[in-house]
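Read from first to last, the chains carry the letters A, B, C and D; within each, the first residue is number 1.
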């Protein structure tokens, strides 16, 4: 770790570090998410690789100063390519006692601690049960510790910008940002520009924030806080964009619409952490994207189904509780064999659970959460930017095989940001579809006359003369699609529905794996554990141990070579943020034993924890 | 089979048979269900063992004479204990050409065929595509074949009872019943009594039906139709009652209410084939049973949950599509750790599927059909009368472990009837519960302070002073039950919820198995395949082969000795009316390979088919 | 890119065979709208009459069959789409208005009709119904009200009368029924009407009016279920009742009824509609019906003249007003967006925001 | 067996500590209804004022805390039960009326209150709400209407005005909003009222009336969300608006409002409520409010005086009529059944029907 290695100095006399993990923590009202976001943006533009992890309470603004109200944002930036937002911060910015109390335990020994001393008054200390003031009782001895009277400084600094006291104090997060920007040599310009744009209608608010930002920067300089630098990372050349998972997912859906020349229709009902996809898509009407905020999730799915029947890419986005409600409609789409994309941004369950925390516990629900024999494909994103790929892939499968597809992401990917190398449009797959336009049996049109290869049925959309047909959820005769209660036909249709999904294995990329030769242990992952597993693998290799890893992006069907890959290794380790759901699928599918590493804490794995667990398995 | 063996004659000169399978088939409007039902009743009272299988279309009354409109009822009665309604009938009563066309293929070669010749006119023949009249074109040569002008005879017979022609003709099903009663020596009295009671308000209708019944009986005698007898079965002594699965299930719930001294609350929304439970329970208000027909399945489950919170046994009954809709509410009950019973009468899926046909395809949905880590117990009935046991067992587990429990039955069990040895009340388990009545931590009440053995939390119901508390779906701190976003607490609660369900294995009967010594093949079943597997096992043994069988009544958790039982055998054969759902659970739980026999036709297995498949496995 | 994006869907395929074929220009007949599917209602079911009326009216509308989509839920009534030679969705129980909203908002070029039942539409589907009406989605919603659950063999429904004995209420129902017209008006519906399955003239006329209405049209159709609720509407269909109890609402006309128009409806000072003898009050005191009144209070008051079809009951169009149509609003926003921001350009979209270049 | 079956549940446990303790007889204070849970609404949220009013009124009702159950769905408003020292269920989104119906029908001895939001109650939960009102379940339903989705950070709701710009409608909402009072009346509600979070006197009074009402009471409470929809009710809360726009409905009194009661409401011949200058028409021509009118038309017409809280808006009790209470009906049927058939006897039940004996 950089803290250990004797740091170099760069030209400007700043100590060089290869990586830093900063956590901003304060009241829900303190604007920590925005502060972290701005610092991240500045670092991105500066050229670091980075990963972020916002962590905030389910309440909008729990009462000021309480533990329940603490909101935090962690950013990891480095001069090399990194995979996670970092396990523990080496810098903690705490805007009040609650923030300190909630997050100090994570700060690395000897780490840098910056607090807003103005917030450490009797009442606030009491609120979180500090008997003595930690700033003065010596309990912070183990850290490099700076107290800054941020509130006072801010009020001072913004005088003249003509904002009232309340607004003035609100700018203190910018002061904190200014301090950190100075310490890590980040330019202020991007933030200044952003503030001017954002508050163009309220210039005095803009001025106040800018003044505070600059004051913080100046303070850092005059107070001679230690100054560091983290060089730009050497990333593959190209255009980069900082993107969150939900944003990438929304872009992927738009891209799928453009590449298929089909309009995109989103039926959705707001729910954390999926709402931002609805928000993002409703901003791009010039792409012909229709977004409807439905009365509930059932309606949202129903609307998407109706749109799919009509020739649109019908999409519905939600989280666990909403997925429960959509099950029946998904079953109908499956029975009507309509292309539809269901996006589930997983969060902590069961029930309302932990709405703002992350989890991977909807896999088996996605797989089996419908009555009857109702198989459908499942695609999973594994990093914020991979959500772009996942959206296109899910749509591709839906359109090609005429089936609803479930896309699994999670809260960690949804809100986490990372630099994304913007793909070349030419490189995107062509998703053009051919609607049925002619009768396919003499003068008749049979909606269930299947394609020999894909077993997909033809898609004839309203407006097409002569192809009028009616579909529903009652069992249909293969071919004609007429209602049929025939016993053998039901068996046939059940077999066909299953065979169609199984056939998709021919159409998807094989499971890639990265193995040291002689490695006997394979870490098999899926979804958002990708980064943590990757970081753990690096550490394990850094210790000279042999290891292999593979990451599933298709959960149903599995890539065709999955069993072959698994059988190459003696031990299959499956880390999941659930109680072992992928492992259940692997075991029943291949009868291969697995060693499970499960964590259900609403938080992503720490690379360090994974490293240790896996080392035990390798050695033990 | 009795048809082969040279039949004896009994005192009355009737040929003795050990077993007969009769299928009554006609128009939805012809009252075949009622006819079969009455014959069954007569046979039951006569003392035969029996099993029935009603098979009717999803439409109420598809147009007269069409194949879509054919409704059938099969009854198997014997002088020994039988296990299924029989694979193929040896007697077929066909009230019209459609019925003949639809069912002739099942009639055993040389079987007895009785048709209503009056219905075989041009129009009716045409409707089902008979070019020639099968009654005259010799195509029925392979059967013992009687044509009876039932309509004419009926109209004749009921003259004077003062009913109009339409009503008169409606009685022809009673004429058919009369004929069959004569042929198999069934007394008419029970039916006469039943008719008088049923039509007490419309005496002339009663008279007409009775007249038709007697006319049929007389016709059989005068026409000297061959007369058979099937002796009473030697059943264990006791009081017997003919009961269907849904009726038994309703009685079981009432019994659970009586045994627990808790009132029963049913929140339900009508759906085939579960509606009859709602109908039955709404008739027993003197047991304090509250039934609410909710606006939908979500409300039905919500009402049951509210009732459970209030100290009732909250129950909700449904079928597949309804189970989809209840998932979110079940998740809440699970998170609130409330005792609740969810009954799913499985039917053909996916989606609306085959509403009146049977299937076992909701097992994985029951197991995993909720977002998040949401384990709950699953109990499955396996014969019509076992639904009584299943209802009590599901309630017992729910009350003891404070958890929602899913009870799986299916359409075949729901509507099928069999003689049931009425249990002695004293033998029923005592389900008394103890509500919390005092603070459990100093002066406070902690709703999540668990019992050390069962891990169940205390049940404090409104009306109890000092124990006021609030529960919801957000994650709760273990003990206090207060909202908690704490990472370690979430892991703890997730572990506890899982451990609580796992612990139930200590509380349920071990898996029994019935094995010939030296048997290497075990047939593992669950649910309504019980009878067919049993019959197949008898046949296999009759062929001198060795076989073993076990039937799971608890699907989650499995009985503690399950793995130990399975490992005793080389081959585990799992027959299911789905694509292999139990097999998936067994494989992932025990990593034991299974040989699956799957049938998804909306119909129960035929013992003969199972026999052959298993023999291949034994031999091959 | 809106247009290019949406249009092709319709055009590509319609070009092939020429829109005219079976299209608006070709005149269609009743038979053209009859599908090849075997009708599976009970003999004598009121649904037959309704279907006949619908198939009779469709050709008049000048809408090609392929531009029509019939959407339903589950129930006897919901089998309807199978019998129409148009595009159709036999959905799931209660969700037809939601599914149809998807069709209508995705494809404003289509004529979208919904068939639902009193259970499908008002019990499990109540929420989707009121929201579709509130949004004024361009849907024509036909609710077959037989005051019973038919397909599930006769349980009471939200429109069944109190005290009704059914399979699920052996001791009589305890639930106060909905008045479908009242709830629709309370849900801001822009077009609300009521008619009767046996109305040979009135039913088709109401259908025509609904088709002409821009936005969502809600039509309650009293329908006899001769198997499980026979005679529920006898007060309106029986010999004497027919003339005595059918109150036909006609725009701009005083509301009179009875064999010789001897009865009428008057509005009291407190805004309640009361039935009076024309002779007693004089024709000029009678309420003059106004379908187009912006304020729904009049229509609502009229809906309270009869809580159930057991006595004098208003039939016809209670309300027919213009409101922005939901789907059209969306189209406008799409058009405006591509006009102001230019048609969507994927390359540009990806390249904007927090971007930087690494060489 | 009904009684023995139900009663013990309550008694067994209550005996132990004596019902009186914290019970009806002991007089309770505001504090007794405050739970130990930390309140987590945003500073300045209107929910605080509503909670204060509720906790102020509860002691007056003479209902022991343990006999009270507060049920909610999901939303900022739905956190309410956690803050009441009674029994409570923080349910799932939109389902509170259904869950509460279970509580109230299972246990008629309890006082059951529902807190819901405009999204929870009218969007996802609309169907359960209208059915609870139709059945007249004994529930007191408080709908906190802030015309926004608060907990999910500011999307429009079914009560948001057309054109509203929110996270999910960057170009403005296209949806015609519900008028909660109108939809409740259309759903046959027996008690319908509207009040305002900041109404120190009016809000408590409405709560008292709701508590006194037998059956379901629906109360729309305009509630300011100062984070995502601040000032939505400024027309009623702002200085001048306060007197100019609050129309207080009082039973038996002519409807007047304005600083000096210079304005009034009149009923037109066509049953529409219009706002007039008292001076112009004369006080005697004004509409006299009647809460107890069986016909809901008057209440409905009053609900249309204001489509949104942007101008003169009626506050108070629109309707308060007696109808059979759903839960009581069930109790009656249970009692009758055990009276006529005798209390349930399991042995007898199992032994009846198609039975026979084998010896």
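By our rule, a contact is a pair of C-beta atoms (placed from the backbone, for glycine too) under 8 Å apart; a residue touches a chain by one contact, two chains touch by 3 or more.
Fair warning: this is a prediction, and the values are worked out from it, not measured in the lab.
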More contacting C-beta pairs: B-C or B-D? The answer is B-D
Expressed in whole Å, how far the mean CA point of chain B lies from that of chain C is 39
Taking each chain's centre as the mean of its CA atoms, chain A sits from chain B at a distance in Å of 46
When centres are defined as mean Cα positions, the distance from chain A to chain C in whole Å is 43
Residues of chain A that touch at least two other chains are 58, 68, 285, 295-296, 321, 328, 331-332, 336, 351-352, 472-474
Among all residues of chain D, those touching at least two other chains are 74, 92, 123-124, 126-127, 131, 158, 171, 330, 333, 336-337
Among line, ring, star, complete and other, the chain contact graph is complete
Seen from chain D, its contact residues with chain A in the complex are 38-43, 74, 76, 79, 92-94, 123-124, 126, 149-153, 155-156, 158, 167-171, 227
In the complex, the residues of chain C that touch chain A are 1-6, 8-10, 12-14, 16-19, 21-23, 35, 37, 64-71, 74, 81-82, 84-92, 95, 98-107, 109-110, 127-128, 131, 330, 333-334, 336-338, 340-344, 346-347, 349-351, 353-359
So, in the complex, the side of chain A touching chain C is made of residues 41, 44-45, 47, 232, 235-243, 251, 254-255, 257-258, 261-263, 265, 267, 284-290, 292, 294-296, 298-300, 302-312, 314, 328-329, 331-332, 336, 422-423, 425, 435-438, 460-474, 482-483
In their shared complex, chain A is touched by residues of chain B numbered 57-58, 68, 298, 319-321, 323-325, 327-328, 331-332, 334-336, 344, 346, 348-357, 359, 361-362, 364-365, 367-374, 472-475, 485, 487-488, 490-491, 494, 497-498, 578-579, 584-585, 587-588, 591-593, 599-603
The residues of chain B that touch chain C in their complex are 29, 58-64, 66, 68-69, 269-272, 275, 278-279, 282-283, 285, 291, 293, 295-297, 321, 351-352
